[in-house]
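In the part that follows, the structures are each spelled out as structure tokens.
Next, two complexes with chain A in common: one pairs it with chain B, the other with chain C.
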Partner chain A sequence: MTAAAPASRRPAKPRRSPFVSVGLGAFVIITLISLSEEWGIGLDIGSLLEDIGRGLPIIAQLLDPNWDFLPRVIEPLIETFQIAVVAAFIGCAVALPITFFAARTTVPNRATLAISRGILSVVRAIPDFLYALIFVAAVGIGPLPGILALIFFNVGVVAKLLSETVDAIDTGPIEAADAAGSRRTQMVRWAVLPQVLPNYVAFSLYAFELNVRASTVLGFVGAGGIGFLLRTQYQFLQWSNVSVIIICLFVIVFAIELVSIRLRRRLV
Partner chain B sequence: MIRFEHASVTYPGGVHALKDLTLEIPDGQMLVTVGLSGAGKSTLIRALNGLVPLTGGDVIVDGISVRQANGKQLRELRSHMGMIFQTFNLVKRTSVLNNVLMGRLHATGSWRSLLGWYRPEDIEIAMQALERVDIVEKAYVRAANLSGGQQQRVGIARALAQEPTILLADEPVASLDPPTSHVVMRDLQRINRELGITTIVNLHFLDLAKIYGERIVGLRAGELVYDGTGAQADEHVFRDIYGRSLTADDLMGEARPTPASISA
Partner chain C sequence: MPAQRPQRPSNLKRNLWIASAAALFLWASLTVDVDITDLASLPAGLWAILSEMFPPDPAYLANAVPQMIQSIQMAWLGTIIGAALSLPLGFLGAKNVSSGLVSSILRQFLNAIRAFPELILAIAIFIPIAGLGPVAGTLAIGVHSAGTLGKLTAEAIEGIDPGPVEAARAVGGRGLQVQRWGVLPQVLPELIGFWLYRFEINIRAGAVLGVVGAGGIGFLLDQTIKFGRWPQAGTTILVVIVATIVVDTISGAVRRRIIEGADVKIMPEAEVLVDPALAAR
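Our next item is the complex of A and B:
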């Protein structure tokens, strides 16, 4: 429509914001302070080179997995898998409605936004390990406290990631739904949800993957799964047995990743 | 009947988008509003269905005040007004039919719509709306896979599915090529005539306004500067509305007619 503007009417190129360079500089300075002996952790490269040999026998055992141990791994591994599935299913289902109260685009009012974001921050600030400790104390040893801990963990992660996705969607369809006289829930269901569904599936699979990995920690406090076996083998310095457990976990996490990639490709 | 009574809209930034507008639109009329970008055309339409709140005066639709309507009353008002957008505003990732069914949300309960269990009669209404704009064969195609003209026809079908008494079209052809623009404008004209739906269309191409506007309203800097028939609107009138001489850019016509040819 319009012809190229004459050079004199072109605006000057805006100056680059100092934000990036200042931020990068601050990051470098903090890193250097953290490394210094006086104020920081005092990393000594020399001792790293001197002592590295001590770990070699452990690494040698890890590289030589004891496959006879495999039958004892199967049962707790299945329990870990089941804990992870149940927790991911419930956690992600609970996270979905909460998401829309924690996203600027869909929240009814600012107060609701502040409250739901505040609650989610607290939920996320508590580590899964602590949830497990609390629930083991409350309901006793076994898979149940593990599931409860992971549900809280998953709600925090999925609601956070998905609400940020919701805030980045195309708002045109929302205007269309409003103009058609739809209620907020209807608008969310038909103008917002279809746009974020592939992300929701991806985040749910990611939560499931995190759950499998978290099981190593949960078992340490008696919240069920493979972690308990991992702890005993590690306490008795049975590194060849630990190696089998780690390989099994790796296979599961890798398999989930493969399925997740395929699902995402079909959905997007 | 629609009545603007000294309606004003001032945006938070201090821009007066609509100044003391008084206008009466009888049922069944095809009204075209023209004016430059920023003259207040979009604001006029959005003030009518409450998407933009009034800061002065009022708009009365079938005896009901838009300004005083609360949430529920506003939804009820909006359910009678179908809206068509410049950029279509379809959910591109979902099917054409799901997009059109958005026009039935006002008649569907919350639980039903959450689960996607639309009633068969609502699906029938949506299908008929698609038939009316001649695109029903694409009902189960993803909206993203349609051309611009097809997407806009889906947008019209969505508005029709509301079974509205008023259609609001905000620059409905600004994203389309000239031949497709005429198809869409003829669809709107046909709907207006066959169904007797009051239709308000914002346009910035003057030749289109003259062809399709039963009545033309000109806006300039938020103020009403012309109100008359399409036939009366000649080059001088448009010069008043635009505040300058017409150029080829103000006309869409495939052959780019000269400014003089619109006064013929």
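Our next item is the complex of A and C:
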């Protein structure tokens, strides 16, 4: 973004594009509808401020964690970690070949591209906990449905991010590979993959981070990990125990993020 | 010196990384409490569910559509709350706007907010305050979004051209005036792109929060699937998928239109992930 060349006279203000007016109008209307009691969620700041006192006793209990509960948190926390690791590895491995069917650079056929991108956007439109609900119904409760759900979730995220990276790569090596007479698979292996490999590893680490965060939701529907314990403690209003779970989760998410940022910095 | 094939660089470090990653995967997959034979029941189980889901119950649209609209409204308002909070946080978190100390403290604060998923914010803070319902979910989405958006905003501001800021100072602009005329116009298109991107993510969060009673279609998904009301579940799932794809498409088109001419950042998070300078912060 560079500054415009200086003009000797003040230039006329450009007319506002109709796109901006329509956009602003739509923004205001949607917001008002969403705020309203009748058509929307009925968000009223005034009554909210009055209600703030209601939450204080609970928040006070949350600030007083019951550390005796800690031993019971360890095992589900390890399970959460295991689920996240297994799902991230399998999901990212599956996502890699799929990516090359969903990137413009590697798929010359428009129809194939449209179909694979369509499937990917459906995979991405289903939220993680919905996969979990369906797999719990299919194979019963436990870590298995959690792993299956996160595999789908990771395939969606990684294939999407990576196919966009592949779209933006330098086409020189591809031309070189074509000129040297390589087949499509060889071209992908030697001209595309080396260019996107660091990004692929970075996205996989990101998927792993997302998995640890998602584990709270999974357990709520019976798909293993710390979320199940969270749910029971929450339902019995054991706020001091809930607090311990949240703190442990916070520490593990934070630690994983730190490690993963370090790793990514070395990679790229 | 005659031309010589250069020596292959050592792969030792890389191989060590690969070996430890493989060991981690092996450990996790061997110790996790999964009976692999359960997997055998997966195809039959999925088939049973899918065959009962189709045809979906069209009458259930009357329940599913209003709930999905509520999810979208939660995402919309949550994004607005997040964007509004993230502006001051982002400006103060940028090293070139505030002092180094303030910005590092704020950055850590933003990281801390981001570490709490919406679901946790909802059950631990906002349901106790606002009660069950979409208001709690909206506030949870808003606060979590403020964490991510604040970080992205600060990073965008740190990447600006200092010229306009100096110009604004040179003509006598003070504090907020410099930010308003020297900084904001430079980052606004990018910020609007971030907000829309966050809105797309929040649509998914808006669908989840119903599981804990914080509003939206998640409640219907949970109930219909748990009680095996498959035709109704099928309708609900289709509504979620169609609505999400429609919102993604519209929002993506608007983003492309707004940042036309500039680099189109389809997923700003990806940008941050692969740019080591950004990831380091």
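Note that in this section the second predicted complex is superposed on the first by the 225 of 268 C-alpha atoms of A that agree within 3 Å, B and C clash if a C-alpha of one lies under 4 Å from a C-alpha of the other, contacts with A are read in each partner's own complex, and residues count from 1 in each chain.
Operating definition for what follows: a contact is a pair of C-beta atoms (placed from the backbone, for glycine too) under 8 Å apart; a residue touches a chain by one contact, two chains touch by 3 or more.
It should be emphasised that the depicted structure is a prediction, and the values quoted were computed from it without experimental measurement.
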Looking at A:Ser182 after the superposition, I want to know if it touches chain B, chain C, both of them or none. Which is it: first, second, both, neither? first
In the superposed arrangement, which partner chain does A:Pro108 touch: chain B (first), chain C (second), both, or neither? neither
Using the superposition on chain A described above, determine whether A:Gly25 touches chain B (first), chain C (second), both, or neither. neither
Is A:Phe250 contacted by the first partner chain B, the second partner chain C, both or neither? second
With the two structures laid over each other on chain A, which partner does A:Pro173 touch: chain B (first), chain C (second), both, or neither? first
Quick check for you: in the superposed arrangement, does A:Pro97 touch first (chain B), second (chain C), both or neither? neither
By residue count, is chain A touched more by chain B or by chain C? C
What is the shared patch of chain A, the residues that chain B and chain C both contact? 1
Give the list of chain A residues in touch with chain C in this complex. 1-3, 19, 23, 30-31, 33-35, 40-43, 48, 51-52, 54-55, 58-59, 62, 79, 81-83, 85-86, 89, 121-122, 124-130, 133-135, 137-140, 142-144, 147-148, 160-161, 164-165, 198-199, 202-203, 206, 213-214, 216-217, 220-221, 224, 230, 234, 242-243, 246, 249-250, 253-254, 257, 261, 264-265, 268
Note which residues of chain C are touching chain A in the complex, please. 21, 24-25, 28-29, 31-35, 38-39, 41-42, 45-46, 48-49, 70, 73-74, 76-77, 80, 111-112, 115-117, 119-120, 123-126, 128-131, 133-135, 138, 160-161, 163-164, 167, 186, 204, 207-208, 211-212, 215, 218, 221-222, 225-226, 228, 237, 240-241, 244-245, 248, 254, 257, 262, 266-267, 269-270, 273-276, 279-280
The answer for chain B against chain A in the complex is residues 49, 51, 74-83, 85, 87-94, 98, 101-103, 105-106, 108, 110, 113-114, 116, 155, 158-159, 162, 168, 249
Quick one: in the complex, what on chain A touches chain B? 1, 170, 172-173, 175-183, 185-187, 189-191, 194-195, 197
